[in-house]
Amino acid sequence: MAFALVRSALGAIKEKGLKGAFRAAKEEGYFAALLDGNLANSKFRIDGVKLVGVDKAGNRYYEKMSHVQHGRHRWVVYADKVYNASAIPPEWHGWLHHITDHTPEQLEGLRPSRYGVEHMKNRTGEGEQYIYHAKGHALNPNKRDWKRYEEWRPVE
Amino acid sequence: MLRQVANRGLAVLRGAAASQRACATRVVSDRPQQIQQFGVFSREYSTALNLHRNTSDNNPDVPFEFTSANMEKVKEILSHYPKNYKQSGIIPLLDLAQQQNGGWLSINSMNKIAEIVGVAPIRVYEVATFYSMFNRQKVGTYHVMVCGTTPCMLRGSRTIEATLLKHLGVERNEVTKDGKFSVGEMECMGCCVNAPMIVVADYSNGVEGYSYNYFEDLTPERVVEVIEAYRKGEKPPHGTQHPERLNCGPAGGLTTLLGEPKPPPCRDLAAC
Amino acid sequence: MAWRSKLSQSLQELRIHMCQTSVASKATREFVVKNYKDLKTLNPRLPILVRECSGIQPRLWARYDFGVERSIALDGLSEPEISKKLEELAATAPQSKTPMHA
Amino acid sequence: MAPRCRRYSLPLRRSSTGSAPRRLASPVVDSASICGAGSGVAAAEGSGSRGLHSGVAWYAGIRGQLYEGKGRGKDGSKQVSESYKWSSGMSLGGVRHARTASVAAVGAKFTANPEDCIEVSVDGSNVTIAKGMTVLQACEVAGIDIPRFCYHPRLSIAGNCRMCLVEVEKTPKPVASCALPAMPGMKIKTNTPLVKKAREGVMEFLLINHPLDCPICDQGGECDLQDQSMVYGSDRGRFIEAKRGVVDKNLGPLVKTVMTRCIQCTRCVRFASEIAGVQDLGVLGRGGAEEIGTYVEKLMVSELSGNVIDVCPVGALTAKPSAFTARSWELKSTESIDVSDAVGANIRIDSRGPEVMRILPRLNEEVNEEWISDKARFSYDGLKRQRLNEPMIRNSEGQLEPVSWAKALKTVAEAAHKVNPAEMAAIAGKLSDAESMMALKDLMNRLGCERLWVEGNGENADADLRSNYLVNTTIAGLEYTDACLLVGTELRHEAPLLNHRLRKAVRNSRAKVASIGPELDLHFKCEHLGNSSDALLSIAQGKHPFAQVLSKAKFPSIIVGSGVLQRSDKDAVLAAVQSIVQQANMIRDDWNGYNFLLLNAAQAAGLDLGFVPGARAPVGDKSSIKFLYLMGADDLTPEDIPADAFVVYQGHHGDRSAYRANVILPGVAYSEKEGTYENTEGRTQQTSPAVPTVGDARDDWKIVRALSEFAGVTLPYDTVNGVRARMLAVAPNLFRVDELEPATPLPKESLPESKTKLESLPFKKVVDNFYMTDAISRASKTMAQCTAAFSSS
Amino acid sequence: MAARRALAVLPSSLRGLSSVAFHPAELQGVYNFGADSKANVIRAGEIGEVSGVPDEHLHRKVLIYSPARVASQQGVGKTGVWKISFESTQKWENPLMGWTSTGDPYHAVGEAALYFDTKEAAMEFASKYGWEYTIREPKQVIQRTKAYADNFKWRGPAEEEG
């Protein structure tokens, strides 16, 4: 990727000259785009970036309302290095995907109190115990017995 | 348009809630907690629940027997009917039991009647729940029933009832603390000419002294007087309370038909 | 008629099949009406199963020891002849087969 | 014309023109075949074991070989005039001289004399109906289904739902067809716009207070209100006020109530008072506050209470045990027969996958009409519990351990050969079907064992004459009795449906009923004459006033309970009964009032098959038994079984006897097999398999057949048709499925005299607890709940 | 004719089956059994034989019946049809998901599809396939006269006591 970028930049220089290429890149906003990226924004704290919140797992949610490409104004920086999109809890998922403009703190009152389980990220591949088995699967530790009758056992 | 519908719906809901509240408070306070919650099921247009719930004064352990004098009456009543149709006497017997029992029917009084006429108790319960004249909850010694049907309502029966309730300090179907009065509602009793009217059922003297009197042409002031008279043990004059009216005639003398009415036109019969 | 009292010595069970109404079963019916009391009194423990079924052929079935059965059709026979057949059935009891393990 | 019972215009005897033998097969068989040893079914084997193509040919073949071919035509009429006794004229279906208007879709039939018929026009076409029928019935005969809620064919007419409105020409308004008698020449219209509009109006009122909870309602999918609202209902209501709510009632562990759904059709009230005879339900209150209830907290104590669930046209009364378990459209229904008592009610087993979800009654006018007892309806959950699913053998440590079939059968065969045939015995249980009893009888006989009996019949049962152990009046015929004596029977607990028929007789024609035996409220007026045989004796001697009642009666009857079989003076009791029968002239050409009520489903077939001790069987002393074969028999107490006996238990439930068994052979329950049963009136009926059996269990007759091979006395049949062919050679009436072969009583002169003396003993109860009588109901949780709830009352 | 030709290519063991007589008396007049000249007439069991149905299903035992009205409903709309039931109970709960499994290919056929207007049609169908059938006749309702007035009918004088 980076190699392709360098090659296309070299190609542009070769075609338009160094100055021409620089001007064209600036006109087309390439440099702004470099700085606009989430990585740069969140790592280097360029102006206008707001940390909206941190969820239980430590994922950090950011927002930048000006000078960003459309649709890229909310992002998450995962707590884990080896990350997985399923690490985002549903309450933050709504905010992150622009389903709602309210953060989970603001929506706390709507959270059902009588039911609902704590969010857990998908742990597939992290070990035997996380493999899903169907209700009647032999490896399911809570294997369900489908036998619809109860047999007699002699009790001596 | 939409708002109208919404308002109407809300009004209905409010009405329902209000009636439920009213029903809930109507429940006599000495009932146990568990019974109170059934109050909300009773409906505003029904005088009482169609269910029996044991209370301290109304349960299968409270005995009921007809007095020997009344037993004679029972026999007299049953003699009107064929022997195998004794159940025809359920209504008069219920009435008798109600008079004897101070104006209401306990569960055992109904069971007793079922035993006398030889039917299952449920057949008696059916009759007793059907007719609103039969009270299955305790009422006052003087049970006052206000007519709530259209002519009386137009002539101010609501005010009469409100006055009564305020004067006695009770809700509808509730008995005063001294046990003397209770107020209920009745459907049209046929005195529309002299509306508004009330009925006072007097259970103070058992079956012999039982009376069921109409008081007509009432005003809020007059109804209080009537009640107070009863409280003193007097017997206020029943019938119309209008000073200038005789029975159901016009107040202050005739206003029409003052002279000999003009005969209808008739052909000359003699000429035929 | 001595064979009658010995009926339960050779037979384990006697079955009489007949129709309730048919002509062919008439003699069998007569046989039952006339002889049942006698047979039963003499052999109180012998099951004499009178089985009626409309339209069935009258038939006498005898069951001996070890489930051996024989039957005789009775249509066309008169009542004394049926008696005779019964006697035959009683007399021709198969040699009592001993249980194979004894 | 045959004599008729005028009141009901039913002939009491089959007319003389039409009762030639019903089935006549063409070939006359060589009848001199004396079958050799072990080939009692030789005739059957020829075609029966051919198996594959046999279907009808097999049936016809058997019939041809075993049924006589004579007597058709001229002979036929002659033989009938000589018919020597009564034949099943009481059966409702066998009515002659009746014009029957039968419509394919409806199947409605009526019986009446032609002169008692009238003609009305329904939607332009003329139909002939009996005088006195209602307009609704006329429409039904015409094949037009009138919507209705309150009308029920088996209850009195209430006329309060107004759904059955039709238009009759020259009436100003639509009329309620259920309550209007049809008049000759009436012109009825059922599909005019007026009718539709009228019914729509009624439907709108009905739906005012009916909740919209069809998705969570158990009646959803088979609800009359739901179906009819599809035609007459609106998609929106005009009612904006608050709907009413009604307090639910507690009617016990069987009937669930959601009273808000009630539309006040009062069917349940009428059912309770008219059919069940428990005056508990009533209509309380008036107007919009009207509701169905008991007023005081009271359970509905009736053996027929489950039927209010069927009677209810909406979801107000539903089955509590099967609440929220299945929807009606996902169920597969199998038409079968109930075995919980000897009445043999026709049922429909509804199953989903391998599980029985519920049991419903099925129409059979001659047996159960449309009712079944609560035990029949709700004991099905016992089919899922305590099941024996693999063969077991008691090992040397005294523990039962699962083994293979081969090993189990081998063990049994070896044990059987170790003992003397005289020391063997076999008992068939209450629920055994005829096929397995036949196989077991053949097997035991071949092994030399003659000591066989069916539970309930006892060891001394007399299986000779069918008329001596059947309900000869027939179940339907009992309705016509006008005086009945019950001897040693608690009819309500022993056969609730028969009790209902007798109740009908009391209600409709004021029949007089008296009972000698344990005292029990039968839910109708019944004079209790004490519980001792003295009362019986005084009636038999004509001293008792009830003897006069019986002899004055037109259709007197007597019902003897099967508890009599357990008495030591059984013969004397039966002799006393016989003399009552004689005195009251109960057995006539047009009426047979002698009834022996059996208790269990297996009893009648067992007696028919001669599943009784043979002529030289040792009887009485049970201590000599060394080898005991129990086919689902659980009534023996452990003390009855000698400690050194080898006990084989073949059955479907681990009930009492399974604990004592040395070998357990798992069989199948009635819902899983195709078995023949005979009910107490002698009607042969067959069950159909509805669900697969459990585990390794096998059909009972197959187990016996396999065992016979291990024992070296192979039985000569290996298909179910083969067993049935063998049954044909033993009790041919068991071959006539769904039919009643009437039993002819012998004249008293032909019956042997009893030598025993009547003892002054009380009659014992035979049913301690109605809800738990057999292995299935004892395993049922619902029945346990019923026992707990109703035991106090 | 086509059926005949198809039969000819079947293994002889299968063809042998066709010689087993299947003569429902009710069909005698309709079919001329064994008359080869009338080759276009379908012989009993012939459809089953040529259809390639496995042997074990060729001669199934079936029940021809007309389902009774559900006791809990009064409408008769669903009654009057005739069904062929295979009395199939080869069912079990699938151990993995608990769904119902079956080992009987005819299970759903009988449940869902085989409806006939008349008994004869069902019998003819069954015999064409060579199924061994039993017929169970439906029970009929008997209409009894009754009147609304019965509720109020004079039940006669009282019985004497004693």
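Residue numbering begins at 1 within each chain, and the chains themselves are lettered A, B, C, D and E in the order written.
Going forward, a contact is a pair of C-beta atoms (placed from the backbone, for glycine too) under 8 Å apart; a residue touches a chain by one contact, two chains touch by 3 or more.
Molecules present, by chain and UniProt name: A = NADH dehydrogenase [ubiquinone] 1 alpha subcomplex subunit 12; C = Ribosomal protein/NADH dehydrogenase domain-containing protein; D = NADH dehydrogenase [ubiquinone] iron-sulfur protein 1, mitochondrial; E = NADH dehydrogenase [ubiquinone] iron-sulfur protein 4, mitochondrial.
Worth saying up front: this structure is predicted, and the values here are computed from it rather than measured.
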item	value
Shared interface partners, meaning chains that touch chain B and chain E	D
Smallest count of steps, each to a touching chain, taking chain D to chain E	1
A-D or B-D, whichever has more C-beta pairs in contact	B-D
Longest centre-to-centre distance from chain C, chain (CA-based)	A
CA centroid of chain B to CA centroid of chain C, Å	83
Chain centre separation (chain A, chain B; CA means) in Å	74
Chain C and chain D: spacing of chain centres that average the CA atoms, whole Å	33
Computed distance of Cα centres, chain E from chain C, in Å	40
Chain A, residues touching no fewer than two other chains	148
Sites on chain D at which at least two other chains make contact	353-354
Contacts with two or more other chains, residues of chain B listed in rising order	none
Every chain pair meeting the contact rule	A-D, A-E, B-D, B-E, C-D, D-E
Residues of chain D defined as touching chain C within the complex	19-24, 29, 31-38, 40, 66-68, 70-71, 75, 78-80, 82-85, 87, 417-418, 420-421, 442, 445-448, 450, 463-466, 608, 610, 612-617, 619, 712-713, 729-733, 735-736, 741-744, 746-747, 749-753
Contact footprint of chain E on chain B as seen in their complex	82-84
Chain D residues touching chain E - in the complex, by the definition given at the top	50-58, 60, 92-93, 102, 104-112, 130-134, 137, 140-141, 145, 147-148, 151-153, 156-157, 159, 178-181, 219, 222-224, 227, 309-310, 312-313, 328, 332-335, 346, 348, 352-354, 360-365, 370, 510, 672, 674, 688-693, 737-738
Sites on chain D touched by chain A in the complex	353-355, 383-390, 392, 398-400, 653-654, 658-659, 694-695
Complex contact set, residues of chain C against chain D	7-9, 11-13, 15, 17, 19-26, 29, 32-34, 36-37, 40-41, 43-59, 61, 63, 65-73, 75, 94, 97, 99-102
